[in-house]
Amino acid sequence: MKEIRQKGEYSYVYSRYREPIEYVNSGETVAIYTKDAFENRIKSESDLPGETLGKYVNPQTGPIYIKNAEPGDTLQVKVKAIEPTRDHAISALIANFGGLTATEQTRMLHDPLPEKLWFYEIKDNIVEHNERLKFPWRPFLGTIGTSPDLEALSSLVPSNHGGNMDVPDVKPGNTIYLPVLTEGAYFYVGDCHAGQGDGELCGGALEIPAKVTLEFNVIKDKSINWPRIESSEELMVVGSARPMEDAARIAYSELIIWLEELGWDSLEAYQALTQVGELYRG
Amino acid sequence: MKEIRQKGEYSYVYSRYREPIEYVNSGETVAIYTKDAFENRIKSESDLPGETLGKYVNPQTGPIYIKNAEPGDTLQVKVKAIEPTRDHAISALIANFGGLTATEQTRMLHDPLPEKLWFYEIKDNIVEHNERLKFPWRPFLGTIGTSPDLEALSSLVPSNHGGNMDVPDVKPGNTIYLPVLTEGAYFYVGDCHAGQGDGELCGGALEIPAKVTLEFNVIKDKSINWPRIESSEELMVVGSARPMEDAARIAYSELIIWLEELGWDSLEAYQALTQVGELYRG
Amino acid sequence: MKEIRQKGEYSYVYSRYREPIEYVNSGETVAIYTKDAFENRIKSESDLPGETLGKYVNPQTGPIYIKNAEPGDTLQVKVKAIEPTRDHAISALIANFGGLTATEQTRMLHDPLPEKLWFYEIKDNIVEHNERLKFPWRPFLGTIGTSPDLEALSSLVPSNHGGNMDVPDVKPGNTIYLPVLTEGAYFYVGDCHAGQGDGELCGGALEIPAKVTLEFNVIKDKSINWPRIESSEELMVVGSARPMEDAARIAYSELIIWLEELGWDSLEAYQALTQVGELYRG
Amino acid sequence: MKEIRQKGEYSYVYSRYREPIEYVNSGETVAIYTKDAFENRIKSESDLPGETLGKYVNPQTGPIYIKNAEPGDTLQVKVKAIEPTRDHAISALIANFGGLTATEQTRMLHDPLPEKLWFYEIKDNIVEHNERLKFPWRPFLGTIGTSPDLEALSSLVPSNHGGNMDVPDVKPGNTIYLPVLTEGAYFYVGDCHAGQGDGELCGGALEIPAKVTLEFNVIKDKSINWPRIESSEELMVVGSARPMEDAARIAYSELIIWLEELGWDSLEAYQALTQVGELYRG
């Protein structure tokens, strides 16, 4: 199995303007090494993010060129395994970043909240900081996607190409479908998590570097609008927009389209999703 | 056990300005009869909502005066049972109402979507319209709450007093906590559902009239800001606001306060909820 | 001319459940006395709001019963004059209130911003705190409206009945149109401002008590959905919703309806408003 | 004076990954030719957008490399003149585009609104389609900006680099300040309008191709966060975000920073903007 490590600088952008670091065939399974969201720069709980990190966060491994992938195709990605390459996960409160603080997007006159780090030991399927902050090992890929056709988008942003979706269902055993928007797909991945609740509330999940095993398949002449996820029991669509009402509208609209592909009538699909659809914020 | 039926007209408002229909003691268990969201007016699948319904939807049974409840107290409501009083549930597409249509709040120039009704038979713990639209019996209370102190709020609106929250966890076995905002609490309930997905997407769940068995207890000198729900495994807070980002902020902020009451530090609670908090839209 | 002063407690709610303080005929001009948003309780710049104010802010004078006003009519209100009844205006930073701070609606973990008061002398058409904070006298009514039909809404809330719109065009010389939603209209007014920018950014305009001269006329059998304002040069509609995108959609949709009443085609009105419509946040 | 015309294909992206079409000195005044938002493809009122346009709209002329501009500098752009290069302006209703329709971002189940075109003659400072749709000539630049540092952003998107702001104050006589985010600034411009109301309601302003005269100056070692505009009487900041509440917060926060640069205290600036700040949606 081919092992892929970043060549040169990590990418902080989903971009077809960068040189591919590797070429992969449809049908191939590869192992990809990713750094954590802090590019592995935080070494101890006293390394405050504001002093330790560079200009960007969320480094990506890529772009990986998927042979024979062309606009209008779909890239199927089966998540085979996520193995941590460090014995601990790190979560952080970063200034002006997170759900219950003023941010660059939601500006206020308050002083920033204090920065803070939590280290968690990973052992025996448990991720543990102390007796209270002790969680099961539930690894997933925070950031995964193809590249937009014209744009190059920050690895902090989710959109229809995937990107920083932070959806816990991007996990081993599940299959992800991504739109191919440019020749070769220009696939990136990074930001693995040892677990996370809905919404990545404080802005920092249980961040880990990892070895990620993925199987790629190009589905020819089949286009999708937004990322889809298939588990053994569920069909899922990831919609990303602000406000969240619009994200929910995208996800449910695309689920209706998916059900139509499976033979449903659109109003019947709308009705079914009303009664059993589930919605969470990644 | 006392049985409570509406006296006079059903209420379409959570209001302390109406006359109590019944007085209940703290500690008492009562059975309350509710009509469905259409006030039971829809008799067949050809009774289109626009022609059949009156000016308002979502009738409430109440107000029920809870003795000894005073502002600053909390009203604990244990949901003991929900029994349908009709052999079928009804879901509806109503013009300009729902998640994937223009509404009175999100105005557009489109013609309304067509109105449509679905009848579902309730039998053997199955709620069934046809082979595709066939769901398990998962009953809950769509609308429940106390009355605001000064305001009288539409039964279509959720707020800190409860109201039209449409949260599937308001179900038998769970305990709801509501703030007491006015003397006697002026409790209302209605809008039972035989089941619903997250978001009540098309605007109409599986609507049923029901007999609802509730146990009331007044917790003196204990105030809460927003409704709380306790199951055997989870602590939940219902936050309601637009956009949904603000609703999520309220719910997570109040969960942090709840954890602080249980001895947690606020930043540690923020961290824990980041890793294992769950979020859904009622 | 009849002079109307509040009888009993000021109202902090737009409600038809209160007893009218006065009855007014269609065609009548009256003078109404209002207190400032702090119920005139702040006496010096050291009276911090958190210590000085009661549970509510924004007291209203009313309800005033408008004879012969019935649901389906429109209440026309001509603003004839606004005269301050105090020689100074007051602006305040109140904890958790305003545009660049966490609020009860947009919850965060920050400590509140400091509270602060600014007193402004009103003299010679100038409103002056110091050389920098010195503005022209541009009085308007911050809060004006009829009562909802079933609901009673806080005087801090704007909705289709009017209420706390904080629109600087509700000023002498302009005419306001309000929907009549209940028999007698149950009109309230308060919260006069010596001036304000768009958005009432910090949450406190130049707050004044005032004597307000208004002429009321009932327009029979003519219903409107949202408040309208007419100046000598402009037609305006006030839409209130969160997020502001929805407020803008309401206002523009209702302007299109207004232009249709004047003989325009709806798409032509949509086109015209695209090219010359103006939009500001009250 | 140097005249700049697009070399090769027009750009539909603000990107430093494209080859500069021209190099300009600080202090230089140049004339730049832009095409209209439809790349001048619509030739008659029967050329419906869905059939006539390609995959993208809003072509930009650029990138123009500004010599000596480096990250941390500010690019000052004085708008000297906007001259139409066609005798008519065009406005369009495009499917799923605009303020009162479902869009790709705000998805719904409605059929799209009809497409429609309006041609306007430009003559004697009047822009006229018919007696009703007849407006003054008020030209401005809809889209102007530098390039982001890592990202390449669609020319339909506004952000802190500028882009598709659609702000009518980007007009002759006013000065625009843009952050320099990458060496050479990689400046683009396009999407001139013969006029527009607030919000570009239907999605199409009075679109024109134009000859635009701009003077560029690099202000060294002076960084700004968001675009600023200076007229003879006003200081303006353009904030772009969804929802509009966040855009307003950005703009007002940056105005406070601007006033602080001019010697104001932040809370005093907050107070002043509360009383005289103005807010409109571009």
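Order as written gives the chain letters A, B, C and D; numbering starts at 1 within each chain.
Quick note on the criterion: a residue touches a chain if its C-beta (ideal position, glycine included) is under 8 Å from a C-beta of that chain, and two chains touch if they have at least 3 such contacts.
Remember, it's a predicted structure, so these values are computed and weren't measured experimentally.
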Could you name all chains that are in contact with chain B and with chain C at the same time?
A, D
Compute the centre of every chain as the mean of its C-alpha atoms, then state which one is farthest from the centre of chain D.
B
Taking the mean of the C-alpha atoms as each chain's centre, how many Å separate chain A from chain D?
32
Centroid distance [mean C-alpha coordinates] between chain B and chain A, Å:
34
List the centre-to-centre spacing of chain A and chain C in whole Å, with centres computed as mean CA coordinates.
46
Could you list which residues of chain C touch at least two other chains?
100, 106-109, 242-243, 249, 253, 256, 270
The answer for chain C against chain A in the complex is residues 100-102, 106-111, 113, 243
Taking the complex as given, what residues does chain A use to touch chain D?
12-13, 15, 17, 56, 105-109, 150-154, 241-243, 246, 249-250, 253, 256, 266, 270
For the complex, give me every residue of chain B touching chain A.
91, 93, 99-100, 114, 116, 118, 132-133, 135, 195-206, 242-245, 248-249, 252-253, 256, 264, 267-268, 270-281
